[in-house]
Amino acid sequence: MLKISKSRLGELFDAVAAKQTLYIPTDREPGAAEYKKYESGMELTKELNTVRSAKDFFFPQTENLADFRIDGKNIEVRDIREECGDFVVFGVRACDARSFTILDKVFLCEPVDSFYKNRRDHGTVVTMACSRPAETCFCQTFGIDPTSPEGDAACFDDGESIFFKANTEKGQAFIDSIASLLEEGDTAKLDEVNAKTKEIMAKLPLAKLSTGNFGGDKLNEYFNSDKWAELSEACLGCGTCTFVCPTCQCYDIRDFNTGHGIKRFRCWDSCMYSDFTKMAHGNPRLTQLERFRQRFMHKLVYFPANNNGEFGCVGCGRCLAKCPISMNIVKVMKALEEK
Amino acid sequence: MQVNENFEPVIVAFCCNWCSYAGADLSGTNRLNYPTNVKIIRVPCSCRVNPMFILRAFQKGADGVIICGCHPGDCHYTSGNYFTRRRITLLYSMLDFLGIERNRTRLEWVSAAEGAKFAATMEQFTADVKALGPNRRLEDLRCRKQ
Amino acid sequence: MNNDTLIPKIGVVTDIRQDTPDVKTFRVVAPEGGKVFEHMPGQCAMLSMPGVGEAMFSITSSPTNKEFMEFSIKKCGCLTEWLHAMEVGQQITIRGPYGNAFPVEGDLKGKDLLFIAGGIGLAPLRSVINYVRDNRANYGDVQVIYGSRSKDDLVDYKEIIDEWMADPNIRVDLTIDNPQEGWDGHVGFVPNYVKELAPSTSKTVLVCGPPIMIKFTLAGLKELGFTETQVYTTMELRMKCGVGKCGRCNIGNKYVCKDGPVFRFDQLGELPDEY
Amino acid sequence: MQEAMIKRAKELLADGSVDRVIGWKRGEFAYDITPAVFTSAEELEHDFVFDDFTAANVSKYLVKETAKEGKILAFLKPCDTYSFNQLIKEHRIDREKVYVVGIPGGPKLDIEKIKAKGITGVLSVKNEDYTLKIETLYGEETMPFSEAVLDKCASCKSKKHVAYDELIGEDGDVLESNRFDMVEKLENMTAQERFDFWRGQLSKCIRCNACRNVCPACTCENCVFDNPKSGIDNKAAADSFEENMFHIIRAFHVAGRCTDCGECSRVCPQHIPLHLLNRKFIKDINELYGEYQAGADTTSRAPLTDYTKDDCEPSVVHERGVE
Amino acid sequence: MQRIGVFVCHCGTNIAATVDVKAVAEALGHEPGVVISQDYQYMCSESGQELVKSAIREQKLTGVVICSCSPRMHENTFRKAAASAGLNPYLVEIANIREQCSWIHKDIATATDKAIILGKAAVAKVHLNTPLSSMESPVVKRALVIGGGIAGIQTALDIAEAGFDVDIVEKQPTIGGKMAQIDKTFPTLDCAACILTPKMVEASQNEHITIHSFSEVADVKGFVGNFTVKIKKKARYVDETKCTGCGLCTEKCPMKKVPNEFNMGLDNRSAVYIPFAQAVPKVATIDPNYCMMLRSGKCGVCSKVCSAGAIDYKQQDTFIEQKYGAIVVATGFNPINLDKYDEFAYNQCPDVVTSLELERLMNAAGPNGGTLLRPSDKSHPHTIVFVQCVGSRCDDEKGKPYCSKICCMYTAKHAMLIREKYPDTEVYVFYIDVRTPGKNFDEFYRRAVEQYNVHYIKGMVGKVTPKSDGKIDVQASDLLANEQLHIDADMVVLAAAIEPDKTARPLATMLTTQMDTNDFFTEAHPKLRPVESATAGIFLSGACQGPKDIPETVAQGSAAAAKAIGLLCKNSITCNPCVAHSDELMCNGCSSCEKVCPYGAITYIDKEFRMPDRTTKVRRVASVNPAVCQGCGACTVACPSGAMDLSGFSNSQIMAEVDAICK
């Protein structure tokens, strides 16, 4: 496998950044990493993962859809879309890499979301295998192997070097573009690291968590479960879980009057918000119970029902870490299974 | 800071109907000149000015916001301007804490008889804001004129 | 870059008709004339006034109308109030068509049809009725049962009287909730009227109206011997994207904007009760 | 303490004094504790927890809970009682429907601080004589208790319960806290430094609304930011709305009402020190209008709904310190 | 869609000289919703108004913007014009392009730009204007006067004179107040009783006046034109309707050792008493603290001697409830308590008295029958020292920061009367300043000094020490001579500061009126509305508003009456429609708004809401009384949820203006 010594990673980043925009996860403050546009000297975080997921690159929190100018009774629609520049997201973990597959199912199905596709076409996802999973990790529940992440190209860290493997043509092109910096390396140590990671994976507190009891056919079983009341009781109705979630993709479309035109923008929305489904004459999801249920039913039942059994969760553990009241999909799954 | 001679700041002035708005009228009646940058919004009392309005003005591109009310003790509604004083003091203090230039915000007491003070205050305030240059720290980029 | 469904087109309002005190029907054409896009009966479009709001409305005109689209809109919120206040010549934005349609070229073909509508619920059915009228040979008996609070609340009253009632090939039964001067027709709620009329169970039913009316009508139809597979309705929930991506109009795993708005009652029965 | 609380809760449930108990429920890990309502002795036995991680302030839940039938037992830490009082003052909680048991306060631990030390894969956390023994997937780690204390507890203002029907354990005193140190430090910076600091912090905001939704002072029926009629509704983290409007207006709306419970910063997924905004208002109020602690009682007039004729002019802002 | 008309006024050349009015009209014509935009020489002229009116009719306008002079000038003119053309007057907005534009700017280009922006702001605002209609609220044709001193009596008499029913509530058994205790009045030296008692009698005999003596206001609800007041009639154990005021009971009452408050405790009265001979109503009152029958059930003498059978030991406090259209507060004043003034030995020495006590000592109906004798030994005082400003103009905790206003004059009066009657008595007056503004006041004072040789000494009295020989040592400084003095005095008279009656504070709370830090009622405007409180329908009479002498008090009493009559004359009040209103769906009942309302216009109601899930929920929500609200808007900012908004100046309207200006 091709590899580069970790000490030369900076050179590699510089080389990539010279050709296209490069984003890497870096430390923002102790214990909190975020993706940042690479600038020379910037270091890769040692954190397992970023606070915000990598979905932002393809589905940003807010984006302009169109501009309007109004003159008397006339409206002018301005298509402000531009071809996105090529970019590389480096260091994406296996869970987040899988989330793109899930987002693709939503945004790339007909009618294709051109805003998403534009970025997806121009972005290269370079993933990084995990070696120190956290207690909140449960990607294996969803059949993800963190030692062998998806993405256009995958990287592996054996402690001394980073190894590269292409999963797609785009990934191969990426590796080719940095080939001059890479050398052939021995993966013996890497295999050891991976074996060790797998050992840890088996010992994770959530290792036993299974999706066996969930899926598209479980609608009636769970929709009317009496667990929802108890589970949703403490929910604040904030959007933390949805906003840190790599697979949540609900959005809102709003207009903003700039004083000299209207900007129509799309922004993340959360099904946990009380006004998410509110209409002028009623709301089908009146209480937090219904909204809470929607989020988890969507991930565990509705999404698999529409997508050949694929779940709307990748087990990244962000909601476990970030929910202000520590309510999360794991607790929901366990409670629902209790019956 | 370098003063851009061509920079014409947008200044929003909230004036209470009973004192300051009348004071502004008086400065007009007396033909006391002050810069055209100042645009007055009439409110019944300075206590009607919600901090929201001030932030909104800055968001939409105002470079300075000044609130004018009756002198303490002379409020048409007896106590309105006392509440204004506390609210606006705290708001301005907060804006300062957030690093917003102090000279962009001001509260002045102008009575109906103080036409000259009104004009002088606006003159000074406009000069102060002009010296600061355009409001960049509180503006919403989406609202910036292209 | 390809057109994106989220980027709307311009529609010009060329005619505004006050149907009832709170319903107006708007005629919309493309700026260059003609329809902005083609649709099938039952489908919807997103209308918007930038800066005011955007919402989904069913297209009430029939696809057989080649000149314009019509929308019957009830005043009930910010955007609809704005639309009601606008004048002829106003431009709005429009995107669509969205959702499925009544299976006029599928299951409904050759069938005896019974349309049951209440109030503004006529809007989506009007599209089908006129489509059927224009392709009369493809369908069996056609009956329309339509009711409203009062005579003044009957949407498209003029068209009903002048065209539908004058059409020997369809039967129209009207009713209003309470007696009213100048009304010598039937008085009573739609579900009861349906039971009274006891239409043949061989018909396929298309029902639309307020939820409570739909509920009782369905119960009445079942009493008469209809099965859920014979009855279609059309739904309305909060929508933003219109293409099943924004995530708010789902009932279970079905998105009203994409998988609906037309559902057969047996399909709806499989979905959770959250609408 | 946990045992005493469970015992007392069971007694009060058994004798019919209360119908429900609000407290904290054990989670999957050592630290992921959820506020929960308990209705039976079994549930209490099984799930009730009170330990170094039960930091959540349950006062705000009482708004919802006291709107229901029956009486609820609430275990309130000293800081929570301030929020409780403030909510009583604003008529948001029906006092008759709550039985308050005062329980000792923190300091509570912040799992994020433990993780920030690079300690990952946390399986258990034990406090042994103020040294944390942390069992992880990667072996045992230790760290001083004091370094893992939640920010809000590190600058605790009071160990005194200002409202309770009974106490378990001793009542404490109002403390001389150092809670304004950071505010002061910022005040002493230049305007540019302050701007850079806050721009850096607030631009992290993802507008999840956790700070607002957890805040015991934010109990509006419909928040202005959600209400299209307010004219300043804004849902998304769009441009500089969060930096320039949301957090300032929110802080202003709770000024004089914020008890400084620190929940806003605790729940912020982006670690924005939002409490500093509230503290700035508190500090200003104390300095300009006299010491005032929201929630210390249920009757006093809040500083922003009060005035004296001799209040200072806003020019004090313009005249003090460096710009 | 709005149909807005814009009308730009030239105001001759006043506007047109510096603002290109045609350009303004042209520019504003392109604003959304504007269907007509015109300019005209004089918009306010008959033909200018006609232009507006016909446009309203022909163009079916839904809003009008006039770009002209200040709204303070012609807003009403254009509102009326709009109304006459069938448009709600509150759908008119004025853009002030004269006072705030053309008159202050010289450059036509920039002034025109500014005028356009001001016009745009007005257009933006008028888009959001809603038709407002003034509420009519009926007026109850009855007034309440709280306090039966000279202020209250004068007010009541004037109101009654105008033909309205008026009730006086007096906490003492008789009306008359402080003036009844005074001997002579300055500067005329006529007898106070001689001029007061006829008024008291007049009040008691006026068919429009009802006197509730020995009564207090217990509760006030309602608002201008429609107050509901609960009056507590304290048990006096004597049936007012039966008592003839013969006074036999007071003579026969065996309990005679009750300090007589009318004489400032300088002598005693019986347990059943009539405060003074001319009391109105002249009805006995039993003092339950001293009556042996009420205390121990043993006695009953009064009951036995009363031929009218008026004594009723079982009488209880009763409450009556009455509706009023207007309330006049006339709660008056009291001298401050001098317990803390040990330096003047007030509590140690009976011959150190207050001025009001001196009034009684000199009064023919007083304890000594009008002969001035020392309270201690009933001897004739030969040296009397008056100390001014005792507790007035004080910075410390003990006293009051204000000038009590009346002391200088009454001391001059006292000094003069003493010197007149007892020429052998030396009178010293220690003063800080002598303040004599008022008609014939300074002449009066100069007479005291020049004609009566009263020794006025500018200086402070440091210490008053009773001596063993019965004399009083007064240690003072003479600031003009710059020397320390010791005067051996027989009596010392302290001009105690006056303060509002203690009942005023709780009353102000009930009435939701404002008070200053000294507990004087605050007038609606210190110059222009001196007899109205800020709360509509509540008027102020006499010393409850600030220290006053009798002529001023009477003047203010009449002024308050005039204001009250003005209100009572109306059948209903037209309320300003630009008032606050609370959106009950958003209000969470937190009470912030109520706290900042200067008028008490906000109350809380428990309202039942139908929830979307068809359950109901009772919530506490704010409710604004539009008849009381004056529209300041303080509540709208105090309200965090935005539930409280102000008609005519709504949040959205102001923000629209902001947006238009910043655009």
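Per-chain numbering from 1; labels A, B, C, D and E assigned in written order.
Definition applied: a residue touches a chain if its C-beta (ideal position, glycine included) is under 8 Å from a C-beta of that chain, and two chains touch if they have at least 3 such contacts.
Fair warning: this is a prediction, and the values are worked out from it, not measured in the lab.
Here the chain-to-chain distance from chain B to chain E, counted in touching steps, is 1. Common neighbours of chain C and chain E, by the contact definition above: A.
With respect to chain B, maximal separation of chain centres occurs for C (centres as means of Cα atoms). The interface holding more C-beta pairs in contact, when B-D is weighed against D-E, is B-D. Centroids of chain A and chain D (each the mean of its C-alpha atoms) stand 30 Å apart.
Mean C-alpha positions place chain A and chain E at a centre distance of 69 Å. Centroid to centroid, with C-alpha atoms defining each point, chain C and chain D lie 51 Å apart. The distance from the centre of chain A to the centre of chain C, each centre being the mean of the chain's C-alpha atoms, comes to 40 Å. Counting partner chains per residue, chain B shows two or more touched chains at residues 51-52, 56, 60-61, 73, 79, 83, 87, 140, 142-143. Multi-chain contact residues of chain C (touching two or more other chains): 78, 87, 90. Contacts with at least two other chains are made by residues 224, 231-232, 238-239, 304-306, 309 of chain D.
By the contact rule set out at the top, the touching chain pairs are A-B, A-C, A-D, A-E, B-D, B-E, C-E, D-E.
Chain B contributes residues 51-52, 55-56, 58-59, 72-73, 79, 82-83, 85-103, 105-107, 137-142 to its touches with chain D in the complex. Per the touch definition, chain D reaches chain E in the complex via residues 67, 89-92, 219-224, 227, 229-232, 253-254, 301-302, 304-306, 309. On the chain D side of its complex with chain A, the touching residues are 27-29, 31-37, 56, 61, 112-113, 115-118, 120-123, 136-138, 204, 206-210, 212-214, 226, 235-239, 266-267, 269-271.
Residues 65-66, 68, 70, 73-75, 77, 79, 81, 83, 106-107, 111-115, 118, 216, 219-220, 223-224, 249-253, 255, 257, 262, 264, 266, 269, 271, 276-281, 284-285, 290, 294, 297-298, 301-303, 305-306 of chain A touch chain C in their complex.
By the touch criterion given at the top, residues 70-72, 96, 98-101, 103-107, 110-111, 113-114, 117-118, 121, 514, 522, 524-526, 534, 578, 596, 598, 630-634, 636-638, 646, 649, 651, 654-655, 657-659, 661-663 of chain E touch chain B in their complex.
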